[in-house]
Amino acid sequence: MALKTEPFVLNIGPVHPSTHGVFRMRATLDGEVIIDMEPVFGYLHRGIEKLAEERTYTGVIPLTDRLDYLASMSNNLAYVLAVEKLAGIPVPERAEYLRVILAELQRIASHLIAVGAFLNDCGAFFTPFLYMFREREKIVDLFEMVSGQRLLYNYMRIGGFTQDIPDEFLPALDKFVRQMPGFIDEYDRLLAENEILLARAKGVGILPKELAINICASGPVLRGSGVNWDIRKVDPYSIYDRFEFDIPTGSAGDCYDRYRVRVQEMRQSLRIIEQAMKQLPSGAVRSEVPHLIHPPAGEAYAHIEAPKGELGFYLVSDNSIAPYRCHIRAPSLMNLTALREMMLGWKIQDAIIIFGSIDITMGEVDR
Amino acid sequence: MTLALSGQEVVAKLEQQFPGSVIESSENNLLVKSESIFDVAEYLKSSPELDFDYLNYIAAVDYYNYFELVYQFTSMKHNHSLVLKTRCYDRENPAVPSVVRLWQGADFQEREIYDLMGISFEGHPNLKRILLWQGFEGHPLRKDYL
Amino acid sequence: MIPSPGLSLEHYWQTLPPDWPGGFWWHWLVFTVIIIAFILMLVMGYIWIERRGMGRMQARLGPNRAGPFGLLQPVADAVKVLTKEDLVPANADKIVHWLAPVVAFAPALMIFAVVPFQDGALLADLNIGILYVVAISSVSTVGIFMAGWGSNNKYSLLGAMRNVAAVVSYEIPLILAIIGVVLIAGSLSLNDIVLAQNIPFILLQPLGFLLFFIAGCAEINRSPFDLMEADSELVAGFHIEYSGMKFALFYLVEYAEALAISAIITTLFLGGWRGPALPPWLWFLLKVILVFFVMVWTRTTFPRVRIDQLMALAWKFLLPLALINLIITAIQVLAWSEALLWVMIPVNIAIMVILVLLWSKLSKLGWGRVEV
């Protein structure tokens, strides 16, 4: 006698402790198994692209902070690179090195949150999350020394920076860089071979390699699926071709691989910061740039390897003080495309973990 | 370094395959007719020496007389990229063939362009508003919206 | 024997007859009230231990404002929860919704009627003590299922279903582990089990202790098995729609059951109130708090398992091990006399290590993806 069952629709989000922002998943469930899923977002749409058309080129920089609010320095960097490409503004050496140091520190901070939140979704009740935040506090203190802000820095400018770094920044950075690898090792010892984590995350939410390339994923999502594609190596921007670092890749494309890729990327970022600190020259931090920038008419696209993936800005200028069109290529939006395929057949608990392992920030998805 | 292919290099092959589709080719980009976007994109993806298997972004710009759609493709194997543009002169109901069947990553981006600019994509399986709610009137990113 | 004013307390204490307060119903009333008050105080202590202990393990301080070392934090929590508005969802089943916390809370208190705090100091010295405990503890699940159903909310229904499935599955290894202890002690009465522990049973039954601890954690919804009320997935599971005093009762249920399981573990495996220098009830308290501390430790450290992994753990891992444990214990009790009891210690520990390692290699947890 077969039991008659009926699938029901469950709304996960938009207000939910684990949806990393306001994201809604309309899941059709058969018992606990997801048989259909539809992502709904747009709850954080603020019209940044339209607002950018009404501000000066420098005035757009605070808007870009709020895209991926957990990695503001990277957003700033992508935007100022695009404007400098459009207007042909050179950047002094010291500013380039400082940009690399700040971008890599930001990558470590963002990955700490990503990994902590992923383990929180797995159910480890804030313990790894709080350990990650303890280290992130040190990075945020460094950023506060430099820009005065803890989250939305608004520090990079077109042509460099407005102010040089304070004297106490480099010794504090040195201390951090020497302590951090030991912490990552301790954290690896606690969690990398944990039976329950392996049972929850290994083989769950597999994104096959061809699908990853087809949905134009980028960042740890793409590299976790085995594709060796990192913008810092294939299309180096700023001065990344002067540093030696490896690109960690996964093999299976499951949640565990994405998590491992992020942990190892943190180590590689520390390597880059060490090299940059040694080579840091002295000099000006900003080239001569007028207050109101009038780039010549034209267009430019600049992309960087942000912590979440390939963040790009496509700018069109018509020789006025504001961009004519500013289009933002958001990595989180592209990485979300295959969410439905990754989730079908798994249970709700896995759905939360799969969503957490892609690591999106709704500020980018919705703009 | 990703080599940015200039439009002229690709023009000759395209003219052979799809005569009349290229409107103009310059150093930075390639402008094609809007009806032939899908065929040109398919050729660019499947031809072995071009092999563009990664779509970086699709952007839509509103120049007052026309809408311009900008596509950038990258080839992972050869590490080169190309910018493809197309124009749409209809203000009331602009329509362009969709490339979702070639690159699934175009799915959300085309929906967003439909939502904010009003350009509809023929052949898209699920062309609904994505960032704004169903029932919203108007297309905010157009220059004549506010 | 009503106390008359004017006598000092100590004089009064010495003039009490041995069977004070005399009479069956007085005895029942006074000691019931004393035990319930004591349990509630201890539950508040547990809440403090958990929050402060977990806070310190997570590199933060834990509550330290309400009273010295945050000791009055549970009191502050209780006052806050009592003054909240009692919301009932619109389409909820009113009677079921109202009764659920009561049905869930009462069994957790009733278990303490048979737990020995000192030699002979039990509310009711039943000679089927442990059977009574097992029977009563399953009734809580009915309360939780009523809560899940009566809330008219899909999340709470999911949480309640998971809970029922898990509790039913974990009863069996729990009971089999208990039977191992009963075989060695020779009696179902909890007082006799404590009296029979010249060597604590944790050494004689290491596998049984492990099974009981894991199954006990799963029964009371503690991490790593707390997917019934998983904060990050189901937004509080079966008690989503509860507020005010009813939520306070569910909150208390969780800690009262943790207290009950720790008390049973202490009685069955750690030797109850037995110990050298200190008074027996202090030993009992110390052991109970130690067991709870280990539970807090596991909660802070481990992620959560998935529901199908939970069920696979119960049926494929714990149940066969429990059966093997039972058979080996039975053979040992029959074959060896009382004098050779200490030989069982290394033998059983070796068996436990081998079995656990072997079984964990052989069994695969959960079945992963379902074809849609």
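Each chain carries a letter (A, B and C) given by its place in the written order, and its residues are counted from 1.
Convention: a residue touches a chain if its C-beta (ideal position, glycine included) is under 8 Å from a C-beta of that chain, and two chains touch if they have at least 3 such contacts.
Keep in mind that what you see is a predicted model, and the values were worked out from it rather than measured.
Visitor: Moving only to chains each one touches, count the minimum steps from chain B until you reach chain C.
Guide: Counted as steps through touching chains, the separation is 2.
Visitor: Indicate, using Cα centroids, the chain positioned nearest the centre of all protein chains shown.
Guide: Answer for the innermost chain: A.
Visitor: State, to the nearest whole Å, the distance from the C-alpha centre of chain B to the C-alpha centre of chain C.
Guide: Roughly 63 Å separates the two chain centres.
Visitor: Distance from the CA centroid of chain A to that of chain B, rounded to the nearest Å?
Guide: 26
Visitor: With centres defined as the mean C-alpha position, give me the chain A-chain C separation in Å.
Guide: 44
Visitor: Please output the residue numbers of chain C that touch at least 2 other chains, ranges allowed.
Guide: In chain C, nothing touches at least two other chains.
Visitor: Send over the residues of chain B in touch with two or more other chains.
Guide: Residue numbers touching two or more other chains: none in chain B.
Visitor: Scan chain A for residues touching two or more other chains and write them down.
Guide: none
Visitor: Could you pull out which chain A residues touch chain B in their complex?
Guide: 41-42, 45, 47, 49-50, 211, 213-217, 227, 229, 234-236, 299, 301, 303, 310, 312, 314, 316, 324-325, 327, 329, 333-334, 336-338, 366-367
Visitor: For chain B, which residues count as touching chain A in their complex?
Guide: Touch list, chain B to chain A: 1-2, 53-57, 59-62, 70, 72, 76, 79, 83, 103-109, 112, 116, 129-133, 140-141.
Visitor: Please output the residues of chain C touching chain A within their complex, sorted ascending.
Guide: Within the complex, chain C contacts chain A at residues 54, 57-60, 154-155, 158, 223-224, 226-227, 230-235, 299-309, 365-366, 368-372.
Visitor: In the complex formed with chain C, which residues of chain A make contact?
Guide: For chain A paired with chain C, touching residues are 8, 10, 16-18, 32-35, 119-127, 130-131, 134, 194, 196-197, 199-200, 203-204, 344-350, 352.
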